[in-house]
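Chain nomenclature is as follows: A, B and C, assigned in order of appearance, with residue numbering initiated at 1 for each chain independently.
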Amino acid sequence: MLFLFLSASVAAVATVGIFLTLVLNGLDFFREVSIWEFLFGTTWAPDFFPRQFGSVPLLKGTFLIGIGASLIGVPIGIGTAIYLSEFAHDRVRRVVKPAIELLAGIPSIIFGIVAIFVISPLLQDWFGAPVFNAANATIMLGVMVIPIITTLAEDALRAVPREIREGSYALGATKWETTWRSVVPSASSGITAATLLGFSRAIGETMVVTLAAGLVPTMSLSFLEPTQTITAFIANRAAGDLPTGSVEYLSIFAVGTVLFLITFVINVIAQYVLARQRRRFG
Amino acid sequence: MRHITLILVIAGSVVLAGCAGNGGSSTESDLRGNFKQAGSSTVLPVAQAWAEAFGGMHRDVQLVVSGGGTGSGFNQFCRGEIDIADASRPIKAEEQAACAAAGIEPFEIQVAIDALAVVVSRQNDFVDHLTVEELNRIWTADASKQANRWSELRPEWPNERIERFGPGTDSGTFDYFIEVIIQPFDGKESKGRSDYTPSEDDNVLVQGVAPSRYAIGYFGYAYVHENADKIRAIAIDEGKGKGPIEPSGETVAAGDYTPLARPIFMYTKGAPTGALQEYFRFGLGEEGQALVEEVGYLRLPADRLNAMREKVG
Amino acid sequence: MSRLDLSGIDPRRKRTDRLARAALAGVAFLSVALLVALVGTLVVKGAPHVTKTFLTSYPSRFPSRAGALPAIVGTLLLGAVSMAAALPIGIAAAIYLQEFARANRVTTLLRASIGNLAGVPSVVFGILGLALFVRALMLGKSILAAGLTLGLLTLPIIIVVCEEALKTVPRSMREAAFALGASRWQVVRHHVLPYALPGMLTGSILALSRSMGETAPLILIGAAVYIGYMPGGLMDSFTALPIQAYYWAQDARTAFHDLAWAAVLVLLVLVALGNLTAILLRDRYQRRYKW
């Protein structure tokens, strides 16, 4: 019985463990680097002379690609969800739903390889883009988050009670009008949660951005330029295996903490929003 | 509960595989051992070629090779995590101290000569050669003489921004380049400008330089050799009267490709014994040095080779 | 649902309705098309290079001789280790939460932390694995360290899946056992668990497929670039299909890119096999337990 309880608490312990590992090492980092420079500096050059630890370029890279990916994944994901929930015949459902589940199961390295070997040459040809650029990653991440958004949004739509639809039909609305004006708004909490979790997944992704987005953190907002995200920085850095305790090594924990906090907050908000929807419709 | 039995069977076979992996033996060769090697990306092609050939001859010698950069290699070496540290520069004093503190005595073995190449894409049709001074202006952190566009170096060149690619600061190649191209002009503290695309993996650098007409990078010659269809090395003029010299076997052997020709190293914990000693005898022998040339580096000159062979024993 | 009678309606609204249906169908079709394009690309680019040599050789600097054998074995081994670590804990946690926990603050906290752990980026798990398993516990860059890290990563999925399996057990079963005087533990062990176990294992195979595809934690923990032998021991250095593909993809020589496609195709096949097995098992056991 005690064993069971302890097992259940492993997740909690792990979360605390992650947090502590990140924060304690992060504190060591901030002993040497001013938090002001970290939060607001616009140059990230951890191992040059003079050293600069401004995290804004990394944050910019992370959010640029995250928002871009959401702009692709959210419309397609929600559109698919609406279709599956409200309009699709059973036969069509039986094809589309498994297809979405399959898409969810594809490992991220595959999206990364497609990004660098298929998307990148296309962008080089069409737009004269450099080999590494933000668009490579944005496009593939957009596709990658479709299943998460679709699944959650569909759950939210299906949870809307029949009465709402039937009331709308009774008033003479068409199916589309019913869906758009009654069902979707009722499911808005769930759909919002779906969007948030899709975004969270996009900014947490590593392989796609490491392979295709670039190695230099810049302040440029152009999708056709290379950029580096927090995750790509961690992957590139750690592959070099720095000496424990050096500021360069500790910088991983500093940005790791930022990433963890961002995804943590988004996930908490999403859980809250989901819980609120459940309370509304029981 | 046959499901639990199934789980136990799977778990059991994992454990057994674990034991088998370590204890299994063949009677083919009397050399055995499990060696980890990591460090310089420059040395990596040599390490891989030697590991493949030597491992093929002695099936019980297990070699694991990784990259990570010279600095990273020394870190792991001085923590006792690896047996061979690959390095494209000599060990630094602080690294030596760290090893000593851990009771490890680094034993230096030169394995080959690298002609550190300055590289542009084959699409670059305007650069014929660069002087060391121009190279410095491309990579310096000194804003007063920095060149940001090709036309700033020579007016007849295109007025396009120079795209820089180079090793990161964990790389011995970086250390060496800074030492001979930046520091003689800018002082011992300078590390050059930081706004370039860095990677400890020279493959990534090749992929960055190759498609771009205005890109420039620098890395070990083996990577030029392997990708000659996409990139080319430029001739370097040291300004000492020899004119621009292209990196090649002849120019390096004649001592003309300066200042960028350099030895590359592998370090072991004390003098190598047993299987490791055989490994280095192989590497410094005819076969190993032929492999060095095959991957694109130059074999050690005869006197140094003999000195190394004696050192290894 | 019977078709709506739209005969008396303003034609503009009818048109909007039809347009919307078409657009949505198009979007859904797009999702499927993207999947097909993705898998198709993989097959077209990778299949020609999945040769016998590829499946049975070690990596080499010669693309024609290079193979993914240690990577394939490594992937399977890592999967086994991660499951061996995560399954017992996951099943136990699910049992606790479903059968024994009371609805109080602690339980809410536990559930919330499981939900949050599920959303943590995989690279952060890598950082934890590096700091805890590789360095603090001194396990080095071994299969064990990597397997434990992957196990932690898949733990939330396993817990959720096992809880779902436990929820499918009908209340009547538990109540009948209680009525006969069984203790809570006896009810769980002898009645609930056997019923739910197939579902748990099925779901766990899905979690296994997920862990086989993870790359970022492996980069952090330190997979080797070249392994000339078969990794077998728990403390051995390791490599795995996703990371071998990553190294090959980064190689400047384009011949190695072909190998990268082959490697990820093999990986996808393994993942698909895993999912297929899970679905088949689920169907089979569902038929057995028809009440």
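Worth a mention:
Convention: a residue touches a chain if its C-beta (ideal position, glycine included) is under 8 Å from a C-beta of that chain, and two chains touch if they have at least 3 such contacts.
Predicted model, so just to flag it, every value in this text is computed and none were measured.
Distance between Cα centroids is largest for the pairing of subunit A with B.
Of the two chain pairs examined here, A-B and A-C, the one linked by more C-beta pairs in contact is A-C. Distance from the subunit A centre to the subunit B centre is 36 Å, each centre being the mean of its Cα atoms. For the pair subunit A and subunit C, the distance between C-alpha centroids works out to 18 Å.
For subunit A, the set of residues that touch two or more other chains comprises 239, 241. In subunit B, the residues touching two or more other chains are 67, 201, 204, 207. Across the assembly, subunit C contributes residues 222, 250 that each touch 2 or more other chains.
Listed in rising order, the residues of subunit C touching subunit B in the complex are 58, 60-61, 77, 80-81, 83-84, 87, 140-141, 194, 197-198, 201, 222, 224-234, 236-237, 250-253.
Partner subunit A is touched in their complex by these residues of subunit C: 4, 6, 9, 13-14, 16-17, 20-21, 23-25, 27-28, 30-32, 34-36, 38-39, 41-42, 45, 88-93, 95-97, 100-101, 109-110, 112-117, 119-128, 130-132, 135, 152, 155-156, 159, 185, 206, 209-210, 212-216, 219-220, 222, 242, 245-246, 249-250, 257, 260-261, 264, 267-268, 271-272, 275. Every residue of subunit A that touches subunit C in the complex is listed here, in rising order: 1, 3-5, 7-12, 14-15, 17-18, 21-22, 25, 75-77, 79-80, 82-84, 87-88, 92, 95-96, 99-100, 102-103, 105-114, 116-118, 143, 146, 150, 169, 172, 174-177, 179-180, 197, 200-201, 203-207, 211, 231, 234-235, 238-239, 241, 244, 252-253, 256, 259-260, 263-264, 266-268, 271. Subunit B meets subunit C in the complex at residues 1, 3, 7, 10-11, 14, 17-22, 24, 36, 44-45, 47-49, 51-52, 55, 62-67, 81, 201-204, 206-207, 210, 223, 226-227, 230, 295. By the touch criterion given at the top, residues 45, 47-49, 52, 124, 130-132, 214-216, 226, 236, 239-243, 248 of subunit A touch subunit B in their complex.
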